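My questions all concern the structure below.
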Amino acid sequence: MERLLRNRWALVVALALILAALPLVFPSNYYFRVAALVNIFALAAIGLNLLMGYAGQVSLGHAGFMGIGAYAVAIGASRFGLNGAVAMLAGAAMAGLLAFLVGRPILRLKGHYLAVATLGLGLLISMVLTNEAGWTGGPDGMAVPRLELFGTRLRGPDTWYMITAGALVLGVILALNLIESPTGRAMRAIHDSEIAARVVGVDVAAYKLKIFVISAVYASIAGSLMAFLNGHITPDGTAGFLRSVELVTMVVLGGLGSVLGAIVGAAMLVILPQALTIFHEYEHLLLGLIIMASMILLPRGVIPSLLARLRGGGA
Amino acid sequence: MPELLQFAFSGLTVGAVYALVALGFTLIYNASDVVNFAQGEFVMLGGMITVFLHLAGLPIPVAAFAAILITVLVGLALYAFAIDLARGSGAVQIIIITIGASIFLRGVAQVIFDKRFHALPAWFGSEPIRLGGAAILPQSLVVLAGAALIVALIFLMIDRTILGRAILATATNRLAARLVGIPVRRIVALSFALSAAIGAVAGLLVTPITLTSYDVGTLMALKGFAAAMLGGMGSAPGAIVGGVLLGLAESFGAGLISSKYKDAIAFLIILFTLFVRPQGLFGKRSTERV
Amino acid sequence: MSTLLETENLSIAFGGITAVDQVSLAVAPGQIHSIIGPNGAGKTTLFNLISGLYQPSSGRVKLAGEEVTGLPPEQLARRGLSRSFQNLQIFFRMSAVENVMVGCHRHERTGILSHLLALPNVRAENRNSREIAMAQLARVGLADLAEKEAGSLSYGALKRLEIARALATEPRILLLDEPAAGCNPVETEEIDRVIHDVAKAGIAILLVEHDMRLVMRISDEITVLERGRKLVSGKPEAVREDPRVIAAYLGTFGSEEANRA
């Protein structure tokens, strides 16, 4: 079991199989929708985990990049007549460019200072989305035209489940590739000791920036997919501070530095509140409790705790 | 000119509130290294509880006193049932816990109270005082005086009492403080109680001017945090100066540039400060030891 | 003998304390130059200045004839300067061999896009770096522990892991800060051998070490620091006999235990 959790290709194959098998047991469209949301948030969480769990840099504003991806497809299609897929790529490029431009000064900061700077960045993005109502529809949001590919309109949660599942598997493969590459070693090294990384020639600032850009692109793509799935987006729902907090919680809850963990964390934080929607009025109260409880009870994250348990018991 | 005076005055008023929130942050941060994102909820609770106890028939002074007391209990509970349980966790985990607490408290307020805006009557009426062409609300003066009083009390306490010395010792070196017999955990709990009280007072001072609702805490916490950072994390005078500067910048920015992006102006200033002087205005620059 | 690294009147002050005060020294390829002195003398700070972690308040550093004062450590690494740390700086969550592979970083050429796609050239490069890293691990006697997580290794092993990692950068000069501190006699022996071996390969070595027997045996030259200043500099025999050094050390030379902090 531990081997399985550690072997990256076993992970990819298992994930693909599970994602392919799930539709067989889904009783209704609702399940497809929730599962598609899990895929989407898992994708964003994997990107953020590259930044937080591997390179060790916190971001409390990552939903801002999701917002860019979401509004790129909405505005691109409705205002510029772009095909949704093209708009999605344009959004990813914009998110990456923004991350590139602001990343260097922001990532010089450490600890709480980095937290507040990224938080400020996310807030600024969501403020722009809220205030520029002429473009974005303001706080009430805007409709997202359906994605059209090869002459067919893509609609329906089952279709979007398949697309997001594909995107997730692709995201996992790219992330695993990166982790086992020179870049991956450099960023993991930065996490453990920046000065040791520097004295063997790793340009720490440059790598932090690269990972920041990559994680922003992951978030942007996830945001675009969410926009397509929901058909309607709002600044708070895509780029809000709560979203950023949820993303960070997913990463930590699943396990910093674990790709599988990011998926598990996303699944838990998407499904748990869904299961509790009967208590609609208590939504925030319960979300707050879930976030606190998961950090207090599982500060190391689900997957690392599980691995430690397996190692302790099995060996 | 009268306009500028007006901006300066309203900036000072909100700045005083930010300063109190930042001071609360600083107390907890110094005692425990915890950055408490639920600080803004203390402000919200101070205002909301007063409003609802008053609606329930209590006279305002009694309601206000009860609100402070309840908020202090909430602060202690936050320490005992969340922060203390997570002792030894990483900084990110603790940050998320306090954010979770903030969301939770907001959720509780939404259930117990409601989602509407509420006001409190101003303490000395709402007839504006004319001064050099600017209109000044009497309540603004109350906010300024109240903030000054709290700041003075806190500084006196830290400077003059044994308790204050213990807090200072804990802030300087926790291990050493423990070794000389200071009950560090109780000091940290106390810092949560004090911060909660400061927040609650800030809330009930400012509610007659800005109104309150269940969700005013988030922005308040972010700005207080930003103010603390502007001044230099961990510096109490820095927190106060940072708060006032932030309030002024916001007020002038909103008046002269764009009120839509009032909150953005604050964060742009913070980002700029962090880039050019990451240790804040009052923080000391140090070479990281290797 | 040409000098490879040279410092000229290097100084730094923290607050009021001048931790390194006008220190000049030189080291040539293949030479072992030891820096000794009591705790707090400024040895580590001197290393931090030379390796670019601290900015000197005055003075200069020259590497192979070029002025490199104030260059950041990653650029110095690319010019062939690497080091180990007194307080371990290990990538604890990576395996031993991966730690050393990070040392190969400056020779790796593939770009981030090929990394994401795991193109064949990346896989070849990974293999190549792993081979180099394994060779360096073998060189310091850690080949058996290559796949172990660094966090699980013993202190003595980690000391050598840092040397292997620094060696993987293929340095021209290596700075070793107390490599034998906390090591048992067998491990110290091993480190002695490694240092000799490295010097023989033509790499210049600056060594900070408290184990006087090791220092006296191994050094071509010794500089004694006291309170940031250079007290004496010369051949081991000369330094050993110098009355100022004996005074500074209260006659504890030769009994390394007394000097272990």
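Going by the order they are written in, the chains are A, B and C; count residues from 1 in each one.
One rule holds for everything that comes next: a contact is a pair of C-beta atoms (placed from the backbone, for glycine too) under 8 Å apart; a residue touches a chain by one contact, two chains touch by 3 or more.
In this text, all values refer to a predicted model and were calculated from it rather than measured experimentally.
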- What graph shape do the protein chains here make by touch: line, ring, star, complete or other? complete
- Pick the chain whose C-alpha centre of mass, unweighted, sits closest to the average of all protein C-alpha coordinates shown. A
- Item | Farthest chain relative to chain C (centres taken as mean CA coordinates) | B
- B-C against A-B, pair bridged by the larger set of C-beta contacts: A-B
- Can you check how far apart chain A and chain C are, centre to centre, with Cα atoms defining each centre and the answer in Å? 41
- Task: Give, as an integer number of Å, the spacing between the C-alpha centres of chain C and chain B.
- Result: 48
- Query: Distance from the CA centroid of chain A to that of chain B, rounded to the nearest Å?
  - Reply: 32
- What are the residues of chain C that contact at least two other chains? 53, 85
- Query: Going by the touch rule set out above, which residues of chain A reach two or more other chains?
  - Reply: 195
- Sites on chain B at which at least two other chains make contact: 290
- Query: Where on chain A does chain B make contact in their complex?
  - Reply: 52, 58, 60, 105-106, 108-109, 111-113, 115-117, 119-121, 123-124, 127-128, 131, 195, 241-242, 245, 248-249, 252, 256, 281-292, 295-296, 299
- Message: Taking the touch rule as given, give the residues of chain C at its contact with chain A in the complex, in rising order.
- Response: 51-53, 72-74, 76-78, 82-83, 85, 89-94, 98-99, 101-103, 105-106, 108, 110, 112, 115-118, 122, 125-126, 129, 162, 165-166, 168-169
- Where on chain C does chain B make contact in their complex? 14, 44, 48, 53-54, 85, 87
- Task: Report the residues of chain A in contact with chain C in the complex, numbered from low to high.
- Result: 174, 177-178, 180-186, 188-189, 191-193, 195-204, 210, 214, 257
- Message: Help me check something: in the complex, which residues belonging to chain B touch chain A?
- Response: 35, 82, 85-86, 89-97, 99-108, 110-111, 218, 222, 225-226, 229, 233, 260-261, 263-264, 267-268, 270-271, 274-275, 278, 290
